[in-house]
Amino acid sequence: MTIIYQYKVATTSLGGFVKLLAAWRGSVYKLMFKEMMIFGGAYTLISITYRLGLSLEQKLIFEKIVQHCDTYTSLIPVSFVLGFYVSFVVKRWWEQFMNVPWPDRTLFIMNTYLHSDDDRARIMRRTVARYMLLSLIIITRSVSVAVMKRFPSTDHIIQAGFATKEEIEIFENTKCKYNKFWVPLMWANNILVQARRERKIENDFGLRMIIEQLATFRDKCSLCFVYDWITIPLVYTQVATLAVYIFFATCLLGRQYLDPNKGYPGYDLDLYIPLFTMLQFFFYMGWLKVAEQLINPFGEDDDDYEINWLLDRHTEVAFSLVDQCYGKYPGLVQDKFWN
Amino acid sequence: MTIIYQYKVATTSLGGFVKLLAAWRGSVYKLMFKEMMIFGGAYTLISITYRLGLSLEQKLIFEKIVQHCDTYTSLIPVSFVLGFYVSFVVKRWWEQFMNVPWPDRTLFIMNTYLHSDDDRARIMRRTVARYMLLSLIIITRSVSVAVMKRFPSTDHIIQAGFATKEEIEIFENTKCKYNKFWVPLMWANNILVQARRERKIENDFGLRMIIEQLATFRDKCSLCFVYDWITIPLVYTQVATLAVYIFFATCLLGRQYLDPNKGYPGYDLDLYIPLFTMLQFFFYMGWLKVAEQLINPFGEDDDDYEINWLLDRHTEVAFSLVDQCYGKYPGLVQDKFWN
Amino acid sequence: MTIIYQYKVATTSLGGFVKLLAAWRGSVYKLMFKEMMIFGGAYTLISITYRLGLSLEQKLIFEKIVQHCDTYTSLIPVSFVLGFYVSFVVKRWWEQFMNVPWPDRTLFIMNTYLHSDDDRARIMRRTVARYMLLSLIIITRSVSVAVMKRFPSTDHIIQAGFATKEEIEIFENTKCKYNKFWVPLMWANNILVQARRERKIENDFGLRMIIEQLATFRDKCSLCFVYDWITIPLVYTQVATLAVYIFFATCLLGRQYLDPNKGYPGYDLDLYIPLFTMLQFFFYMGWLKVAEQLINPFGEDDDDYEINWLLDRHTEVAFSLVDQCYGKYPGLVQDKFWN
Amino acid sequence: MTIIYQYKVATTSLGGFVKLLAAWRGSVYKLMFKEMMIFGGAYTLISITYRLGLSLEQKLIFEKIVQHCDTYTSLIPVSFVLGFYVSFVVKRWWEQFMNVPWPDRTLFIMNTYLHSDDDRARIMRRTVARYMLLSLIIITRSVSVAVMKRFPSTDHIIQAGFATKEEIEIFENTKCKYNKFWVPLMWANNILVQARRERKIENDFGLRMIIEQLATFRDKCSLCFVYDWITIPLVYTQVATLAVYIFFATCLLGRQYLDPNKGYPGYDLDLYIPLFTMLQFFFYMGWLKVAEQLINPFGEDDDDYEINWLLDRHTEVAFSLVDQCYGKYPGLVQDKFWN
Amino acid sequence: MTIIYQYKVATTSLGGFVKLLAAWRGSVYKLMFKEMMIFGGAYTLISITYRLGLSLEQKLIFEKIVQHCDTYTSLIPVSFVLGFYVSFVVKRWWEQFMNVPWPDRTLFIMNTYLHSDDDRARIMRRTVARYMLLSLIIITRSVSVAVMKRFPSTDHIIQAGFATKEEIEIFENTKCKYNKFWVPLMWANNILVQARRERKIENDFGLRMIIEQLATFRDKCSLCFVYDWITIPLVYTQVATLAVYIFFATCLLGRQYLDPNKGYPGYDLDLYIPLFTMLQFFFYMGWLKVAEQLINPFGEDDDDYEINWLLDRHTEVAFSLVDQCYGKYPGLVQDKFWN
């Protein structure tokens, strides 16, 4: 579920974002808890080995290696890679959401033009709405794990009422080995053409406007597929990930506290716990986790889009719009501002 | 209220932005005043403890910790995280404002096509305008604290004249558990269809053009909701906030002035007041405050959008446009440049 | 006036941008001349005081302060703040210009559809053009100092021929306490409706296309107002400005040359004039001046948009387009490439 | 083939992106394997020469050069150049993909308007679809090596069934020495005009809507050509490449391990293998490889667009859409949510 | 001419971009050859003077200055300024190209609607195409040096066949002291209106669609002018240029090799040739050259847009499209995939 937190920060106040640091669901802590444990464990292991397990000579070599590593950690351009990479991922994540299709506009306009109060017209209106939802389910099933879990088979779609058995059969008989999400939209298109023939859509303007919106809905479904097909190039993700992981692998050695008695410059304090390295771990790993969470927004992370919620919303709004709200409006009266 | 300051800097002059530094309303000082006090207090407390409260041996350990902290403050990539994060927040803030719906275009075009001077046509024009305002109020109530305070209940909306009691009843009887901001727009749609039937809208072009604009208005209302629903991922905000807060927590220790007599390198001056750290506090914390203020632009910060002002403006302009300006124009005369 | 310099750099050549460094109008030198003087003066004053006015002991303290300041100047992230801030300002500046409305497209399309050679049709065409210019003047008056200076009162608008006395009266009698730039466009709209009734616009396509463009023109006028109303958040500007000013305040002390005989490391040269600090002043302050100049592009800076020039251009082109060019074309002949 | 990996990271989990590091196809390792070998070989060669092949005096000079180089490697702003350059390349890569034309929308709308079940109408629908595919093939042949390999001559296009011999002849007889990808689209246009004349397209709305989409398809084909014609300026690519290559050329010397016995500061450890330099090689070279792979997305890299797959998909979907799905829809029944 | 190099890097391979480093035309070497010579010369001159021309005492002062300069070169934020500045220039360069008008879409649609095979209709179609080209020439003449060289006077335009003498006369008699590129488009507009009157354009849809495209073509011509009129603010360019030039002026002194015998730290090697400074020169100056080359893409640089080539292409395609391809299509046959 998307984490909604903006009400907590609606008005800038003392502390401001501090409140947000205490959240757990969808938080950076929850996301990195385990990584942190592993990193801490490895660090401790090395630290104990150094303190207890090494001979004097081995210690000397170890100390040289630590100092060597420490020098080089700063050579890895983690900030730069992450800054540009995460920036790109976040931008893409938002565009992807903006392209999730909403049926509202099409149905709003269909209400303007597909008239008549008889059952046939009502079925037409409802069926067009239903086919739009069906297409949306078919396409989101192919990109979202959560929707796939909800509708693991076409039977589940039938049971949920989004398609009849007959429709699924026709759908499956359509010969095309590529994603067929557009088939129900083609049916909706043909129904609208029929409605025009039966004069339920009274003029060509009407047909044109509905079809235009329907085609745009189809395009957006198609974009869902495209965003899923063409991801951020693997190399880019690998480079950013490698930067972070190798940085911390280096830190495992380079940030060890050495015996202050040896008098190495900068090593006159033994804190046992590498507080600042842990904090750096938080920033860099947390930054990378931002990318990790957003790169596939259709997963089941705390902060992923709730496609299932959206499907429920679309279903209820769609039928309410085309059915309950069709053709009705309150009595026309003079308003309070009149003259 | 939005802070308007560009007239002060319309023309580049000596000092330029310096004038802006003296502002208080919406200023960085006002926003960070309290944080600064807390930071300053904590710093002073530690400083006094060090100077007066510690034994010689404790001082030695304290001094080592201070130097250790000082080394590590530079490891936290505050600038990078903030640069990219704030850049993203600011971009989103502007897009969000650009998507706040304005009724002007729809009404401008309705005036072109919905004719007749009789009362019924006038009521129709006014009602469409009113329903647009009503939808805007319903959607902004759900995202803006300020609008919610102005219209805490539907009764307040009725009292303000944006809806009649009957309308609110119909609205509340519409079965749909999701945000129903679109219901009044559906009414407006149906009224326009009726106006076409009564030949008040003389041709299909007219109906089409008004409906198209109305649907776009609906889309923008919907976007208001979407921007509110899908916020910047919590993790990203947490990472940026953590970077800044931990940086300054580290500074509390790392920037302490040590006894110059001890001869630590770089500590030969005791200024008591950490001027430069305070200044850094200003930049980084101020930078974060930019994000804090813009992440929810519908709050009640000094610099948030004034949705209430916008509602007043829309109300007055809408009725003036559809009523007072309908069908009128000055006499056609030859202009001054004629031949 | 906008500084046009691209012809000087049309072709990359030896020196390239070097030529541009010699420009004065709109140049970084002109913009920062005074700031530079003040900074130089203050620096000299401090320098002289140190050399001549301080006792030996005071000098010692002063020298410590200078070294302390020198260390900390590098802690202020001026580059980062400025990089992101200026980048945002420049992007906004260009978008703002792209949204200044041009009447050309509307008039081009009106010529296609509003026919008849009689005086009434000609007056109609000219009046629509004139009302567009009038709206543009009203809106730009409210955002641009230069236009306000040109038309300090409505009388000046009448005198310049953009409105008649009668029109200004009707305008002022329109009850609406918000910006009424849209009123003349509403008149233009009503005139076009009238033209359609009189069959001067021969079909509904024509009316629709002109109205659509007129509405877009109105939207862009509205955007002029919005860009002026919602500026870059004051906090952001303050943070960037503070970064630069405090950086240089610190430099006033931190970049002083100390007596080389004292043997402080890095202070073995006394150049009297802090050349590199002056150069840094140029970059950072110049960078900030970019923002200062672009944040309100409707001012009277050397490099601001010339709205007045644009108004003159629009006036001449508009009347030439709707009048002189209406319905005329050279004789149709076979062109040179024929067969 | 595009590397699809987002399912592996759909849900953030322990390790997260770590899984991706193990991939080989399309991976950074595969891309840089050879460069790494060469770099490693050269480094080893120099290292051996220094250890075994140089006299004592030569060693001394060599050691000075190494230290000198080491100081200067940090002067090369690789991160900055790469950050901005790769960011630009990635943005362009995505835009380029977004502009690859898809025939779906045009055909979806053609189905709404081009009616009749007879063979002639069916041929018309199929031929318009086929001509769209033909244009797509012609344009992609000119930009993509993979498509050129699939259709090395027009005979191959004929054989694959996308054109008849007669059509290719007419195509080749069209006098125009520039890319003629638009010729088949012009034919499609003319066929649609003919269909309108024969009343197969029943009204002008229909013709208009199909032509509009067809023209947009043409524009996108044209953009394919433009993106290919105007590439990222060579200078920019050269600057980024030079930065990386010279950085590593410098590292070949500057990162050599010197004899610890000489007591040079920072050289008290001899690891033989320059682990950190190898890691840096991975980041920077990998970062550059991102650009290298995306600058021409129509090549045959592991991660390039699969234009051939897209052509197959378009072919199958196009014919299925215009033929199998034309005019059909399941029986209209009351849905499960009815009342 | 645009440098096309993407085929060389279509597939990532060993070396990858290395091939590009060997190019000369449009290369960074060619662009900076002379600057490099001057820089090298000045450096050598100073170096020789130091080694041979100074007394011992002068040498001492010189050495101090060199060390002083060396410290300060790092204070100049060249990377930051250049990164953001070049990023902005490159983005603008691409947008500018995307806004160069292409006549194809207008003519494609005109072919759909402007019918009849007689000579008058043919002349009409050709003349509209010709007027579009004429407008394009007039506007590009005013922004591109190359086009101005090709058509230094209107006589050259007549001779090239894009206008008749009569047309140029009418054009020049149009009273308007601003750029009149829109006049031929107004003629084209009027011809189309005439064509509609003569029923050569059969319905209002046709006229509307062509005019819409023509108006968009006009807008893009207008944008050519706007991009040329409002350039990147001079101050921004100056700041970036100053950063680079002053950086290298500082390097002339700061990067001199000092006598190793003096034992200055970091000066124990005398290489005579400042290899790394030369390389830095390449990056920074090359980076600036990217901006220099793209800031006016209508010049005559190796990598500027070839407007003349584009004009030739448009001419040939335009006439081929409206004439040779008008109304023709191959015989309608069943395709290979037919059942």
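Note that the chains are named A, B, C, D and E in the order they appear, and that numbering of residues resets to 1 at the start of each chain.
To be clear about the criterion, contacts are C-beta pairs under 8 Å (C-beta built on N, C-alpha and C of every residue); 3 or more make two chains touch, one makes a residue touch a chain.
Note that the structure is predicted; figures quoted are calculated from it, not measured.
Visitor: Starting from the defined contact criterion, work out which chains touch subunit C and subunit D both, please.
Guide: E
Visitor: State which chains count as neighbours of subunit C and simultaneously of subunit E.
Guide: Expected: no chain.
Visitor: Can you work out the rotation angle that lays subunit A over subunit E using Cα coordinates, in steps of 5 degrees?
Guide: C-alpha superposition angle, subunit A on subunit E: 145 degrees.
Visitor: Could you label the subunit B-subunit C interface same or different, taking same to mean over half of its residue numbers are used by both chains?
Guide: Counting shared over all numbers used gives less than one half: different.
Visitor: Averaged over CA atoms, how far is the centre of subunit A from the centre of subunit B? Could you give it in whole Å?
Guide: Averaging C-alpha atoms per chain gives centres 24 Å apart.
Visitor: Would you kindly tell me how far, in whole Å, the mean C-alpha position of subunit D lies from that of subunit B?
Guide: Roughly 39 Å separates the two chain centres.
Visitor: Give the residues of subunit A that touch two or more other chains, as numbers and ranges in rising order.
Guide: Residues 31, 80, 83, 87, 205, 289, 293 of subunit A each touch two or more of the other chains.
Visitor: Quick one: label the inter-chain contact graph as line, ring, star, complete or other.
Guide: Topology of touching chains reads as a ring, each chain with two neighbours.
Visitor: By the touch definition, the chains form a closed loop. What is the full order round it when you set off from subunit B toward subunit C?
Guide: Order around the closed ring, subunit B first, subunit C second: B, C, E, D, A.
Visitor: Could you pull out which subunit C residues touch subunit E in their complex?
Guide: It is residues 2-7, 9-12, 14-18, 20-21, 23, 26-28, 31, 78-80, 82-83, 86-87, 90-91, 93-94, 97, 102, 104-105, 108-109, 111-112, 115, 203, 205, 209, 266, 268-269, 271, 276, 279-280, 282-284, 286-287, 289-290, 293-294, 303, 305, 313, 316-317, 320-321, 324-325, 327-338 of subunit C that touch subunit E.
Visitor: Please give the residue numbers of subunit E that touch subunit C in the complex, ascending.
Guide: Subunit E residues touching subunit C: 31, 34-35, 64-65, 67-69, 71-72, 75-77, 80-81, 83-84, 87-88, 92, 119-120, 123-124, 126-127, 130, 145, 161, 164, 166-167, 170, 174-178, 182-183, 185-194, 204-205, 207-208, 211-212, 215, 218-219, 222, 226, 228-231, 233-243, 245-246, 250, 288-289, 291-293, 295-296, 298-301, 304, 315, 319.
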